[in-house]
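Shared between the two complexes below is subunit A, which pairs with subunit B and subunit C, respectively.
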Partner chain A sequence: MNHRGLLKPFNNLWPLVLFWIGTWQARADRIGEMVDISLKDQFIRFASLEDPALRFALAGGVILGILCGMMGTFLVVRKLSLVGDTISHAVLPGVAAGFLWNMEKDPLAILIGATLAGLMGMVLVSQLTRHTRLKEDTALGMILAGFFGVGICLMGMIQRLPTGNKSGMDKFLFGQAAALGWQEIQIMALVGLIALSMIYLFYKELLVSSFDVSFARSIRIPVDWIHHGFMLLLAFAIVISLEAVGVVLVSAMLIIPAATAFLLSDRMHWMLLWACMVGVMAGVGGIFFSFLGQKLPTGPFMVLSAAVLFALALFFAPRHGMLARWWLRRSRTLRIQRENALKAVFHIMEKEAFTKEGVTVIALARSKGQTLKTTEMTCRELERAGLATLSHEEKALYLTPDGMRRAQTIVRNHRLWERYLTDAVNYAPDHVHDDAEEIEHILGEDTVRMLERQLNFVDRDPHGKPIPTIQDIASSGQTQASKGQGMSGYRNPS
Partner chain B sequence: MNTLILPWDWHRVVIEPWSLGTSVYGWILLMGFLINLTCGLIGNYLILRRMALIGDAISHSVLPGMAIAFLVAGAWQLPIATEGTPSPVPEGLPHSMAMVIGAGIAGIVTGLIIEWIHQKSRIKQDAAIGITFSTLFALGVVIISLYADKVHLDADCVLHGEIAFIPLEPFLTIGTHPIAPAPVVQMGVVAILTALGIGLFYKELLVSSFDPGLAHATGIRADWIHYGLMIWLSVVVVSAFESVGAILVIAMLILPGASASLLSQRLHIMLAWSSLHALLSSLIGLHLAIWWDTSIAGSMVVAGSSLFFLCWLISPSQGPLWRRLRRKSSTDTKAAATQPLSKTYS
Partner chain C sequence: MSSERKPSDSIPLEIHDLTVAYQSKPVLYGIDVAIPPGKLIGIIGPNGAGKSTLIKSIMGLIPIEAGWIRLFGEPGKRHLKRVAYVPQKESVDWDFPVNVLDVVMMGRYGRLGLFRRPKAHDREVAWACLEKVHMTPYADRQIANLSGGQQQRVFLARALAQECDLYLMDEPFAGVDATTEASIIELLHALRADGKTILVVHHDLPTARNYFDMLMLLNMRLIDFGPTETIFTYEKLQKTYGGRLTILSEVADAVRQNHEP
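Up next is the complex of A and B:
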């Protein structure tokens, strides 16, 4: 009742407020529409595919993504990433020559001319690295820029010619997917199919010669022919991508999707699939953004879309991403810390001949040479992992059966390894500790059993301390489990 | 003018450009020579350190640095000469300063990103280079096309440059006396600083390029030299950028050094050879461009490539000519040497 009374003065104002809110909303709607209309319309136009030029562009983008992704995967695993860069620049004089063939933008002539120029560039690179002392990177860079210079000169001469339809020649530099026509799409699809079937037919040969050349030679795979054939396909793929992406950024479309796939998978066929998917996504994304903005070049947007996908994979890839690697490293460091703490506890208990149940936190801090605070944190960490329990005032630490087993395993690994180094590898006894300190966290149960057998079930380490046996570790859990008994799972030094 | 290659005309190609003094082609030639010289000097070290493709990467990735520098300089309203009143600083100087700084930053960022991707993931170095520079270049092109009214860089110009506009650039003046077009002055300063830097740090550069281990042992900070070289490379590239573009500058970085390395194994002689290569390729390139009536920077690269192949042909250590001669003489001596032996044992 009371608050209704409070609101009374506003009763007369309600219509006004409503009106104001209504107009405000209306105004907002209109402003929102003003912004949205073009973007939303563009989006709808994009989604409905009613624009024939857009349909061609999208088809081109999809073919390009698949083709570049596939070829790029082989480039990246062969460590030839920058070869694509060189070929894509070196085709420029071929593009100009193909144009000169019959003075118009004939896709077939340009395709042939450009492929020949790209191949010539690669032949020159291999001749240069074989017959001179120039390194491969120098040769690649030189051919890249030298051929490009020739191409620029030829383009300049063509610009001067009065005849011929020169329009669209400059599209080769940055790419304009909207300029793709039916004829170009046909050629792209044809080359894409050829590349796809070649890779399918020669998958095994390509795979083997990419990863292990000498093995490939030994099973009589014609490695050189495979290499040349692949380069020919690559040149074709680059040339047909030129019109959509442009000379400069084709290499990005080869490398980035493949590198993304490299982060996502370890198997070649999965990598190929991922690379194609990333390539298609980048291609379609690039066309979408350049379509929204209108008159923007397609190539850079494709590359930026691909780069975003790459960055995502770089951070969040399940096994090779930075987050996963960071997490792995962190958990490994934590485990090593825990194991070292357990070992220190064990050493203290051993010094007291296992007469006491646990150790004091102060003793642990003293033996590790740490501050009390750090040691308390380590102890809490052990408690959280279920390896030890702390007393009420956090003064003493008791190992759980699990903790005792882990501690014994680590000590056993350490001492067996020391023994192995002195006995089998002839190290001096005072040189073995640091090495064992590293390896104790890595040795697996199988290796340790093997060491034990090889060392004839020795029971003392080089410094005279007993090595816990597998029976000790197995029994320590049981004996510890029953309360009131002393810690007798370990053969007490008599 | 209907044929692709215009007929050779001694008068038109060689005499005419110089008949009216040096006011047009003189500046172009000087600019071309300065660019070739500076790039060639620093390129020698790139080749020795196997950083040729880092040069490729940096020449592309300075583009976003320049574009952003343009935007920032425009936003800050750096002192740009207003109408009528004489400006204390020459027109265009703030922008070129901003561009040099932006390019330097872009260069170092490129180097750092490449190292970071390479070290923190399983991506190999060549792929890391390719990813980094192409992404940055794409970013630069997008910025340029989005802010075309604010960034005065032409996207086509980015690729092949326009050295022919050099004589039309505003002249730098002392008092009322015009000296030289501003880009030529800038390139000249960069060239002198490059030569000075090489002279001062000759030993450090030499040792760290050939033997990083020894450099480390003698207390030379190889990583400082590495990043210093990268920053300076970006400054050189950005000074040459508007004249020759992002890709032809790679040729100018690599060709002189590669040709010189075919002719000599000693670093100081290589530096001298690459300077000669720079002079010849800019001179021949200029006249080729006049003959063919086409891009001057492109023609300089064509001339430089031809000179490289000439050097390969006559190279005393690696060229096919000398090798053939040597093989012939060595087979002769071998035959002569084996003759008595084969007789002895027969």
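Up next is the complex of A and C:
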């Protein structure tokens, strides 16, 4: 019922979708033809850098990547990502106003207009937050949409104006790096250099005020000035990136490279470096694809390139990536499985008062309640890990000294924890087993020493079974010498 | 004149008629107190008593409605550099991309001034401070990969690196393990032995009696201030905690322990 209700609006769209699918083949053909003709030529043209417009575009892409990467890093760690988004949309009316100033695409006028509009948006946000009940996210959302709406109206008006040189004005929405000229590159380089040197000079102030504002204030760092300076720099960075990425997507170029870098690094300067590299790769990638597709808008391709890099980092990042985490979880699960198998072997041997050297695989399967096949696999796994050896016909399993040590350690952890829960935490003896099943794999040696001390080196668990001591475990390493000398009735299998 | 300034210079912190308000709702009223040097002082009071507010206003982090604060005998922020502040652990994002040594190094930033980078000497100091809180094995760790107690010790090491004369700590014992608690106490005693003055916001009554030389009882007003023996009495604690039942039983417990030995 509910599903039907939800899907209702889409009912009207079905014919459209069908039409689209039906014409897919024809459309694909057309795109294929178009690309076929020019793809190779375009690639050669791109690689040879003959086209001066392309050279400007690439220079712009590199500067933009570095600038957005740097500013984005601080934006992300200062938790201002939404602020970046808002400024980037709020600049649009300023762009239009810059054009209307003298009715041509004058980079300087547009730079000033856009910066002013962005800053005005920010001031409005802070005033709204301070003087009304509205919270910051609401104010940000309102200013973003409001300014952007005004900007779109103005841009629409400009397109309809009978006079003025409007060429390139339509590129501000989605960006066109190929539209960058020498003058724009100069301004970009200048702003880039200023940002770079500011971040270099005020690096430690930016770092400490991003990490811990109240501490930064307490050591007399001019936190507010640093913040305002940063926001001004951010506004400049956004404005000079506009022509290449476009108003709509510039915030993505700020945030995605920084987010990628955040997954790849644990220290600020590495994060900055990574963010710049990802930014440059995304910038150049966007220009490349836009060029291949014959002047498609650059912005979406830059963001797409950045998103691909982010996805790669998300999966393959060495420490924070999903693959690394999955691997960690898996190896932990495997270790716990191995340890549980060792424990089962130990229990069987203990039941037989350590009279036998090993256990039969069948006995192990019975005690674990598993099929013979699964148990055999577990045994082979133990053999691979060097914790046990299998007999020739795979009928019996013998623990190596190493395996014996591990087994004793696990059993000790388990019984010690049970003892701790009953003695120190007043658990009932029949409540403690499940808890110890988990803890036994986690307890570190330091904690174990502490527990032993606190429990006065107790030698029995709450169910009366002996707890292996550190001497027992250590002597399992030697083979013949310590035979029969176990402290708590444990002897080594020899 | 100078002869008058000398003795007052030995008073690290003097507060006169201090009133602090959040959005015109007063949190602290007319606090008058002079802190003697070289003492370990606990600030005790119920939730919302203004304990954190008091040390934040001393640090100049929140505006003062009325009254004045003198640091080392002088008004204004001249001697703020001689005061180290340890914020509550929860006030920062521990996923921030810095390692333990980076954070401790931030304690040196206040002394460096603009445009200066940490030198070899600063690194030595930071390392020594890390040693004092037994955290050198963790110097390279990203700060999210630490236990709560270790994070607290990182903050303490940062404060030590500031090499100050007055320390203001906001709940350093909150939610820490026994090892950290012992190491913090050891550290506070070492600081006191060096003649430093330490103010600690503390919420656990039973331990307060053992930890501190002097206690400041606070509940929006200064209830009392003096040596622990004279302050830690049933009447004064009851006055501070205002007869609230749950806390009253805690107070009773603490007082009972006081009379046992």
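Throughout what follows, the second predicted complex is superposed on the first by the 391 of 494 C-alpha atoms of A that agree within 3 Å, B and C clash if a C-alpha of one lies under 4 Å from a C-alpha of the other, contacts with A are read in each partner's own complex, and residues count from 1 in each chain.
One rule holds in what follows: a contact is a pair of C-beta atoms (placed from the backbone, for glycine too) under 8 Å apart; a residue touches a chain by one contact, two chains touch by 3 or more.
These numbers were taken from a predicted model, which means no experiment stands behind them.
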In the superposed arrangement, which partner chain does A:Gly299 touch: subunit B (first), subunit C (second), both, or neither? first
Does subunit B (first) or subunit C (second) touch A:Gly141, or do both, or does neither? first
Partner chain in contact with A:Phe262 - subunit B first, subunit C second, else both or neither: both
Between subunit B (first) and subunit C (second), which does A:Met271 come into contact with in this model arrangement: first, second, both, or neither? second
In the superposed arrangement, which partner chain does A:Phe215 touch: subunit B (first), subunit C (second), both, or neither? second
Go through the superposed model and pick first if A:Arg160 touches only subunit B, second if only subunit C, both, or neither. first
What's your read, subunit B or subunit C touching more residues of subunit A? B
Touch test for A:Glu205: subunit B only (first), subunit C only (second), both, or neither? second
Answer with first, second, both or neither: which of subunit B and subunit C does A:Leu390 touch in the superposed model? neither
Could you tell me if A:Thr132 is touching subunit B, subunit C, both of them or neither one (first, second, both, neither)? first
Indicate the residue numbers of subunit A shared between its subunit B interface and its subunit C interface, in ascending order. 79, 262
Subunit C partner, complex, touching residues on subunit A are 77, 79, 201-202, 204-205, 207-208, 210-212, 214-215, 217-221, 262, 265-268, 270-271
Would you tell me which residues of subunit C are touching subunit A in their complex? 56, 59-61, 77, 80-81, 83-85, 87, 91-93, 96-99, 102-103, 106, 109-110, 112, 114-115, 117-118, 142, 158, 162
In their shared complex, at which residues does subunit B touch subunit A? 1-2, 4-5, 47, 50-53, 55-56, 60, 117, 120-124, 126-127, 129-131, 134-135, 137-139, 141-142, 145-146, 155-156, 159-160, 246-255, 257-258, 261-262, 289, 292-295, 297-302, 304-305, 308, 312, 315, 317-318, 320
Which positions of subunit A touch subunit B when the two form their complex? 76, 79-82, 84-85, 89, 100, 128, 131-135, 137-138, 140-142, 144-146, 148-158, 160-163, 170, 173-174, 247-249, 251-252, 255-256, 258-259, 262-263, 293, 296-297, 299-301, 303-304, 307, 310, 314, 320-322, 325
